[in-house]
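Here come two complexes built around subunit A, the first alongside subunit B, the second alongside subunit C.
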Partner chain A sequence: MSEKPQVKSSPSFFNNPRNRSIIYQLLLLFGLGYFFYSIISNTLANMEARGIQSGYDFLFNTAGFDILMSLIPYDATNTYGRTFIVGLLNTVLVSIIGIILSTMVGFIMGVAHFSHNLLIRKLATAYVETFRNIPLLLQIFFWYFAVLAALPSARQSMSLGEVIFLNVRGLYFPGLTPEGGASVVYAAIAAAIIGIFVLKRWAKKRQDDTGQQFPVLWVSLGMLFGLPLLALIVMGFPFAWDIPYLKGFNFRGGITVIPELMALALALTVYTGAFIAEAVRAGIQAVPHGQTEAARSIGLKEGKIMKLIIVPQAMRVIVPLLNSEYQSLVKNSTLATAIGYPDLFTVFVGTTLNQTGQAIEIVFMTMAVYFVVNMTISFLMNRLNSSVALTER
Partner chain B sequence: MSVEQEKTNENNDDIIVIKDLNKWYGEFHVLKDINLRVKKGEKIVICGPSGSGKSTMTRCINRLEEFQRGSLTVNGVEMIEDVKNIEAIRREVGMVFQHFNLFPHLTILENLTLGPIWVQKKPKKEAEATAMKYLERVKIPDQANKFPGQLSGGQQQRVAIARSLCMNPEIMLFDEPTSALDPEMIKEVLDVMIELANEGMTMLCVTHEMGFAKKVADRVIFMDAGEIVEQNTPEEIFNNPQTDRLQLFLSQILDH
Partner chain C sequence: MKRLTSVIATGLALGLSFGAQAGTLEDVQKRGSVSCGVSTGLAGFSQKDENGTWSGLDVDVCRSVAAAVLGDASKVQYKPLTAKERFTALQSGEIDILSRNTTWTHTRDTSLGLNFAGVNYYDGQGFMVSKDLGVSSALDLDGAAVCIQAGTTTELNLADYFRANGITYNAITFDTSDQTRAGFESGRCDVLTSDQSQLYALRIGLKDPSSAMVLPEVISKEPLGPVVRQGDDQWFNIVKWSVYAMVEAEFMGINSANADQAKSQGNPGQQRLMGVDTDSGEKMGISNDWAYNIVKQVGNYGESFERNVGQGSPLKISRGLNAQWNKGGIMYSSPVR
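Right, the complex of A and B next:
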């Protein structure tokens, strides 16, 4: 056993793990550098050969095409740059609608999974299993071509009290035009929101001092609806209704939600909601049953156990999952292009790219937008996550 | 009101009265005709092989488990399908679990004040003062602002005991409180329990710590296959077992 190979005290240069890793990293760096250099120089050479001008000057040229729906004033005489903004706002709109509604649907369906009512429980399971397993594009087509296209024509519109109308061309509901005194109503809404924060702090302090509990939720809801309502009555309803009316073959006035937006928002909501329901279910199930038992053994009521013990612990599982669901929703909104909803992808990467041929610039700008939007979502959700995370060690 | 009335109906020393208690898990008969009376201040140790129903019986007392037949009365309140009665009983009964079940998202102090604040509706300052008193009794007041995950198993179990005590219970249930602990931590938890016993707390303790049973138990109950097979003083149980089942059980746990 004395014949063991001796380990040299100074190994050769290439056998030193530190040196090796530096050499490998340098090789990789050179490789990557060459890769990008060749891509960029090739592209530039090709573009020059085909006579394509690079740069962002095209953004200031007249677009010359109409867009189905815009949140800001837009017509065909505006610039390509403005088509970018119009598309971006439409993407943000459908994303926000989708995120809010899918969160509501998801939480309700996720909690419904634990209902004592068999019917509700089975309904939640059926919802999740159905919409989670069908491709989103197919679901968008379902809502757009099968459901919304089957609606009656404008003349045979379904209506709710002759002020809200639903037909094959979209959903029409009344707008409100503020008149003198409307600012009082806005002030009342602001006061209610501030009041709720004050109330919450006061209730917490009172409980700390005296032990008495206060029904914060109900009083808050009362304030949120009561104060603006009071202001409306006192000011004699300082708004003018802008009620949609039928003129010729279509409706005029009011606010219109085009069927493309309805179909896309519905599909994104229902599809993402199914995944969020699963996330909520997973979060609640991740809280060990012993937590509920311990809470019961100190005499807490079921509602309080949910609020003080289960939800705070479930959130640390739910929040990271929500983050990726929201990001998926924003990315999936590009499927708008299949039914012609004018989101950023349809307008900018579709029409604008077709007309200008500035592929590199347009694709790059659009990628940057989705990147920034999703990083923002990530940032916000990570902040939320660190506030629900556990301290261990 | 009805709870108070029922309290006065039964006027004797027995703080827990269990009559002909039966429980099934589906087809499986877990508890068979359990009859048990516990006097105020009595210390009872429950032992038996695993699956004998000792934990299940204990958990019936604060209704973490339901039973199908028989009756159960705690401190004069009958356990019936009424939220008021269940809450009244849970207020009187503290429980310590094998796996501590501290709330990991709350600090030690918050774990202790949660019940007093939300159930007893005490002011925060008062609840915190009580909490600190009990943390001192279990000898870890310096850990008050840490989270459960930062404490050792023995410390966590002592916090769990203090959490129950904060609610001023009449009865303490212990469901294998030392089974999940490393050997060197068992003593610190048993010491707290012995001190509690010496102060006159009514205790029901499911445990295999026979040294603890000999030291504090007024009565040892041996359960097997869902039945109370034997009950007697620790001396009689350990030195003079009457049934083959208890002899077998004792030979198995004392062999090492």
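Right, the complex of A and C next:
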């Protein structure tokens, strides 16, 4: 006779904790999906009922308005979609300038806090306390309507050697128009950059093997300037100067930095710089003093102590703080709209939204942009963070 | 940020409201006041004095609707709005009427879910320059820097005009008229462009008005009028006829001083407008003496014009296109009967 083997009865399907949790997750997902689906479809139905246009077709329509500054060719005959790109690039530009300059200012001011010179120390404190505590919008207005607006008119510009001009309309400096042979110069620049990387790796390897140091910095600088210079001389300076000149009301030619960009970049730099200075100070303070003493006792020079002992350890504290400062800077750049710098917010949420009336689509696109930009910053900073993080051996 | 809030409010209003919208008239009657979107301060059109009292040609539209609906012209709540904020404020239901020197264009009328309820000022875009620039025509402005306000028809007309004439310019765009004026005064731009009436208003706000002049060119048509949400025909009718009533009263020779007399002893047309033997108000869901209240409390169109932007005001704008149709202008009311 055959007897079925006794199976140990397993808990019923619904009592299995794994299955349960999967079911709950699915239910939640379904609920959320339904929630958003009904909000979106209801919004669309209501917009339709009220005669409000919706959809993304407007991106292909002619914009019909001009934009003060654009990094890509743009005029009023281009599309609304292009106004999005123009605004986006202007936002990226002012953010990059702001991030680079505020980092420089912040590190200088943060380190200045530990200076042996009382005046420098006080100055650093005064800087941080002043600019951290004044609302950013007020600072933007200050630079724009008080400082830059006080510059002379175009006809009475200040000038540097009659090639660089500064007036209430902006900063004008000569541009370079490439001519035949310019590509050789570009190639030389690229070669120099690649050369520097190779040199660095070689020098590190040499130091690891033999203990001998190589003056990487000076040789690199020499390459960076020397190679392009050589190319310039060989090719007989294959560029034409495009020097700004006054015609009618304004300067033409050359490169113009509009005062709106100057004011916004300045305000963002000075404001964010104050926060970064605090982050740097906190980072340095977090390194125990014993580290410095130990470094001194083995005979390292002060500069080397900073570079090899303090900064690498301080960075572990500083980098996460920098991440959030950079993200705030990008978000704060939307205050551009107060002085008319044509960033994404001014151009797209400002003018484009008004001309098309498609508020929901435009605000959605813009939010997505700031989200993506800040996620990118986060990603890069997290990578930097893991490269400075403590590696246990 | 205020703007973003109202965009989000619009989003929520559209996303969460199910079914038909409530009648604006009932809301206004329940609330006891009309919520009216006006400019942030534009002499002659909508401006707040030091006591916090609003006045102006656009403000008079709000007041006349309040007089018609609530019998009291002072029952208005004003919401100052920049050009960029105005349409979302109306769409989201924050205001009942937008009366803020707003040009009636096809796009705005057909794609924003809004309706224009008439015209209370026929305008056109012009240019203001500083006198020491030495230009006498807009065609001399090649290469000029031009200050404008964001979110206006001005931005578009400007691009059209300069392109059509093959001249170049730089557009510097500000959010509010104060900032635009500051840009002009600091010399950031050579030219300020806007609707002509607003140029006169901005000019008297300059530190030295005589240093600036308005160029003769008028480059566009700008019919300015009140706006309401689409889909509430009753409210649309009330606003439309409140504007008409002021124009019609002027045409019939009724003003705030003789309104009572016109009501008691006027000719049949005058008496009808003043609410005698008519159900003109009932048809709109309001009292029959609606037009009488408007004229008595706010005045007719001519009175409002002269008081706010005409000879009785610092702007001293002449009637021009805004005169009655039988006096050389194009102000023409459909008959109230």
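Heads up, the rule we're going with is that the second predicted complex is superposed on the first by the 347 of 393 C-alpha atoms of A that agree within 3 Å, B and C clash if a C-alpha of one lies under 4 Å from a C-alpha of the other, contacts with A are read in each partner's own complex, and residues count from 1 in each chain.
Everything below uses one rule, namely that a residue touches a chain if its C-beta (ideal position, glycine included) is under 8 Å from a C-beta of that chain, and two chains touch if they have at least 3 such contacts.
Predicted, not measured: the structure shown is a model, and the values here were computed from it.
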Touched partner set for A:47, first subunit B, second subunit C, both or neither: second
First (subunit B), second (subunit C), both or neither touched by A:247: second
Partner chain(s) touched by A:210 [first = subunit B, second = subunit C, both, neither]: first
Contact breadth on subunit A, by residue count: subunit C or subunit B: C
Which of subunit B and subunit C A:290 touches, first, second, both or neither: first
Contacts of A:73 with subunit B and subunit C, given as first, second, both or neither: neither
Partner chain(s) touched by A:312 [first = subunit B, second = subunit C, both, neither]: first
Contacts on subunit A seen with subunit B and repeated with subunit C across the two complexes: none
Touching residues on subunit C, where the partner in the complex is subunit A: 3-4, 7-8, 10-11, 14-18, 21, 83-84, 87-88, 91, 107-108, 110-113, 133, 141-145, 150-152, 155-156, 158-160, 163, 169-175, 179, 182-183, 186-188, 190, 229-231
Interface residues, subunit A side, partner subunit C - complex: 39-40, 42-43, 46-47, 49-53, 64-68, 76-77, 145, 149-150, 153, 168-169, 247-250, 252, 259-260, 337-340, 342, 346, 349-351, 353-357, 359-360, 363
Subunit B-facing residues of subunit A, complex: 207-213, 288, 290-291, 293-301, 304, 308-309, 312-313, 316, 388, 390-393
Footprint of subunit A on subunit B - complex, ascending: 62-64, 87, 90-91, 93-95, 97, 99, 101-105, 114-115, 117-127, 147, 149-150, 160, 163-164, 167
